[in-house]
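Each structure below appears as structure tokens.
There are two complexes below, and they share chain A, which is joined by chain B in the first and by chain C in the second.
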Partner chain A sequence: MSDTQAPAIDIQDLHGRYGPSHVLHGINLRVGSGQVVTMLGRNGAGKSTTMRAITGLLASRSGSIKIAGTEAIGLTPEKIAHLGVAYCPEERGIFPSLSVSENLMLPPVLRPGGLTTQEVLAFFPRLAERGRSPGTTLSGGEQQMLAIARILRTGCRTLLFDEPTEGLAPVIVQQIGSVFEALKQRGYTILLVEQNLDFIMSLADHHYVIEHGRVVDQMSNDELSAQPERLEAYLGV
Partner chain B sequence: MIVPDPSQGDWIIEARGLSRRFAGFMAVKEVDFRVRRGHIHAMIGPNGAGKTTCFNLLTKTIETSGGTIWFNGKDITQMAPAQVAQMGMVRSFQISAIFTTLTVRDNVRVALQRARGTSFKFWRSDRMLDELNERASGLLEDVGLADEADMVAGDLSYGRKRALEIATTLALDPELLLLDEPTSGMGLEDVALTSALIKRVARNRTVLMVEHNLGVVAHLADRITVLAGGTVLTEGNYAEVSSDARVQEAYIGRKKAKA
Partner chain C sequence: MTEVFGVPLPALMGQLTVGMINGAFYALMSLGLTVIFGMLRVINFTHGAQFTLGAFGAWALLHYFQIPYWWALVLVPLPIGIVSMIFERTLLKRLYAMDHLFQLLLTFGLALVIEGLLAVSYGSSGKPYNNPLPGGFNLGFMFMPYYRAWVLTASLAMCFGAWYAIERTSLGAILRAATDNRELVRTFGINVPRLMTLTYGMGVTLAALAGVLAAPMTQVSPMMGSGLVITVFAVVVIGGMGSILGSIVIGFALGLLEAITKVYYPPLSGVVIFIIMVGVILVKPNGLFGRRS
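And now, the complex of A and B:
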């Protein structure tokens, strides 16, 4: 990351609540422009909640979230999307009554520089085959592919993926790995929540470990590759 | 009429010519498939290969467009899902299905009451309810949820919810347990717990599972059927199917899976 360029995401002392329960307790996390960064940790640690805070979907949040230098803590989800942030949630959010291509074309192109529909379908040939099928008839894995594919067209340069490889066949996981690799080559910024360590270690620059709503450790990918056992204490492998 | 030949082995479930069409799209076509009693049998394949559709057909959740299904030698093709469940075939779902506002223990108790046909008999004696509590505690112990028994189920982490779901399916004491992606969305610690649990519950029943985690499949499955494009690509043990070039191309990909 160069000194002159603001980080794509810069989070300081982020607190978040669901109703009365306080789930994020002062998260500090930074994603440099063009980096691939992961959040690791057990289920329920606050990784998805952090993503929901970044996108503005978590109503009760305080602290600071800067997107490319712009303070976004008080912005609506639409305004945050216009800062160039796209989000692929774990629950996929496929519209069941729309066809595959309607789901794919639904998110608007917010800025130039996204992948073309042809490029997206070249990454996911299965979606081209199922183009006219309604969302309800897709398998779980096909829905996951569609949820990932859908945000690549928008031109957003900061992409948030919550467990993108969940439910996907190993061969598709590898394809997604090469999609992410290609996005990285083009200078996209990616923040990932992912359980598949093989997948992230071949891709990511930096890792944050989240526990009970706090960052409890962080390491570069080189450090993790040299000492994979450092994660065991947190993940209980 | 074709009937299964018992002399060939002890098959708990068998399907021949199994087919399902969705609005002009054949999700499953002419699948012949059977599971040996006592086995852990895994179904793997690329996304959209028809695995979940096969599950839905076997458990009668959706109707067949063609083919015949036998459970314990009995033709169940025309039966209703509840009938099949009562005969001893019970499934879990890819997306977890539990009552989030009930406690963990009550989720299991509801399933136990269902199994006994005592649902909604609120005037039953305390002794009867105590007996249910005892069995519920046993099942929660089995799936490693004894300490969480009094928590509201909605507050469990995702992996623990899946364990609870397995407990509720076990409450029906099925002869054949069908698990749809039991470790999907789990952290590593929960994957290890769940796979140990499946091994344990398979001791006195047959398990058929869809699973993408090849480590889990390699470790657990006695037999593996590989589906692709709605048909059976091949079948065998892990060493056989994982070394099959067609399986590598369609499913595993260039990197050999770790066992």
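And now, the complex of A and C:
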């Protein structure tokens, strides 16, 4: 990627609140275009909240979030989506009133160049077999695949995934890993919240460590591979 | 003459027709209420007054401008729907984040204002509206007035249309998804606030259209809607808030049940729906078609 291109996500001094509690205390974080970046840290550190702030779902936020150079701190979630950001929430967000194929086809195509429905189903063949069943009759792994699959059609090139492998069987984690690998090859930008270190170390370019609503450390993937114990201090594993 | 449990067949069929007609209004009204509730999380206590406005609109067009019924079907509901969308944008929208009590105060208050203004302007006794389709079919076992046949056909078509649009189209899928999880749908780039305005407008338009349909069968009076809407709330509770099919099926079923009660045990007919409502609340608090939330 050329140096002149604005980063996909550039967060500066991001503060966020849930009601009266101040949960983000000046996050600084940058995701270069085409990079895979993770947010690591304990539960409750503010990783998911940072993600919700990027999507606009965290209404009470201040500071700066630039999406491909455009300031998004004051935009509504639907406007932020149109900047090319798609979000896969931790709880997966499969709509129970919709069938599997309705869930898949729900997010509108916002920009050209997304994967076609055939390409998406080639990644996740199980979903094609279950098209007419209600979305929430799928297994946890299938629901996660559906939640990933439906945002790949939108043409959004910056993808946010909140704990995509949480609670899933190793074989499904592997499958999701190879999909992410393919997305990376195609130049997608990915920001991940993830606990599974093996999963991210084979995939990511850069890591941020979040603690108490602040970035307390960051390292390239090479640095992490060279000294994984640096992370253990933060995660307490 | 053929009798069914001691009641002459034509009399029974006549009552059942009235029951179907009442059921059609229950269905149309509860459909609007339930779609609005699903999307906006607001119980629209103005619904009955908006129905009344539809009937008065039809009466006013005929009385002041000699514009006939068939034009009123289009010319009345659309402006009422548009004004309701302005109401949603400018006032109702501000209350979404607040306690439900404020939404009740606003929508119920607006209903009182509308009904009060109509009563002051036109009196509370009611205005007659001529039947645009006099005459009827003699079916042998009963007499079916043309106008009732038309109302039944039109309301069944509207119910089916609404069900199809919500359950079988991609726009309906967006509506259902937003009812499940409004925030997530916004992250897909779908303008949910605009969808909420449109939903409110559609629900109110349906109520106003029902009001126009009702005008030739009753006195057009300021309180006609609030009388109806009390039963409609019971229908919504029985069917389950948020269920499209529930609203339609239960609406027609309760209309029929009320009619049968009127034939065989008249004293109970005014309360039978509410007795069922109490039973349903005790056994299935989410309603017969309601999903557990």
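Points to keep in mind about this one:
Methods note: the second predicted complex is superposed on the first by the 236 of 237 C-alpha atoms of A that agree within 3 Å, B and C clash if a C-alpha of one lies under 4 Å from a C-alpha of the other, contacts with A are read in each partner's own complex, and residues count from 1 in each chain.
Definition applied: a contact is a pair of C-beta atoms (placed from the backbone, for glycine too) under 8 Å apart; a residue touches a chain by one contact, two chains touch by 3 or more.
Everything quoted here is computed from the prediction, not taken from an experiment.
With chain A as the common reference, chain B sits beside chain C without any clash. By the document's definition of touching, neither partner reaches A:H15: not chain B, not chain C. In the overlay built on the shared chain, the residue A:P170 is in contact with chain B alone; chain C does not reach it.
When the two complexes are overlaid on their common chain A, residue A:R130 makes contact with chain B while staying clear of chain C.
By the touch criterion defined above, A:H25 reaches neither chain B nor chain C.
Note on the composite model: angle chain B-chain A-chain C, taken at the C-alpha centres, equals 80°, rounded to the nearest 10.
In the superposition on chain A, A:R230 contacts neither chain B nor chain C. When the shared chain is aligned, no partner comes close enough to touch A:R214: not chain B, not chain C. After the two structures are overlaid on chain A, the closest C-alpha atoms of chain B and chain C sit 14 Å apart. Comparing which residues of chain A touch chain B with which touch chain C, the overlap is empty. On the side of chain B, the complex with chain A involves touching residues 22-23, 25, 27, 44-49, 51-53, 94-95, 157-160, 181, 184-190, 192, 212, 214, 249-255, 257.
Of all residues in chain A, those touching chain B in their complex are 41-44, 90, 126, 130, 133-134, 137-142, 144-145, 163, 166-174, 195, 197, 235-237. Across the complex, chain A meets chain C through its residues 55-57, 76-78, 80-82, 86-87, 89, 93, 95-98, 102-103, 105-108, 110, 151, 154.
Chain C makes touch with chain A in their complex at residues 170, 173-174, 176-177, 179-181, 183-193, 291.
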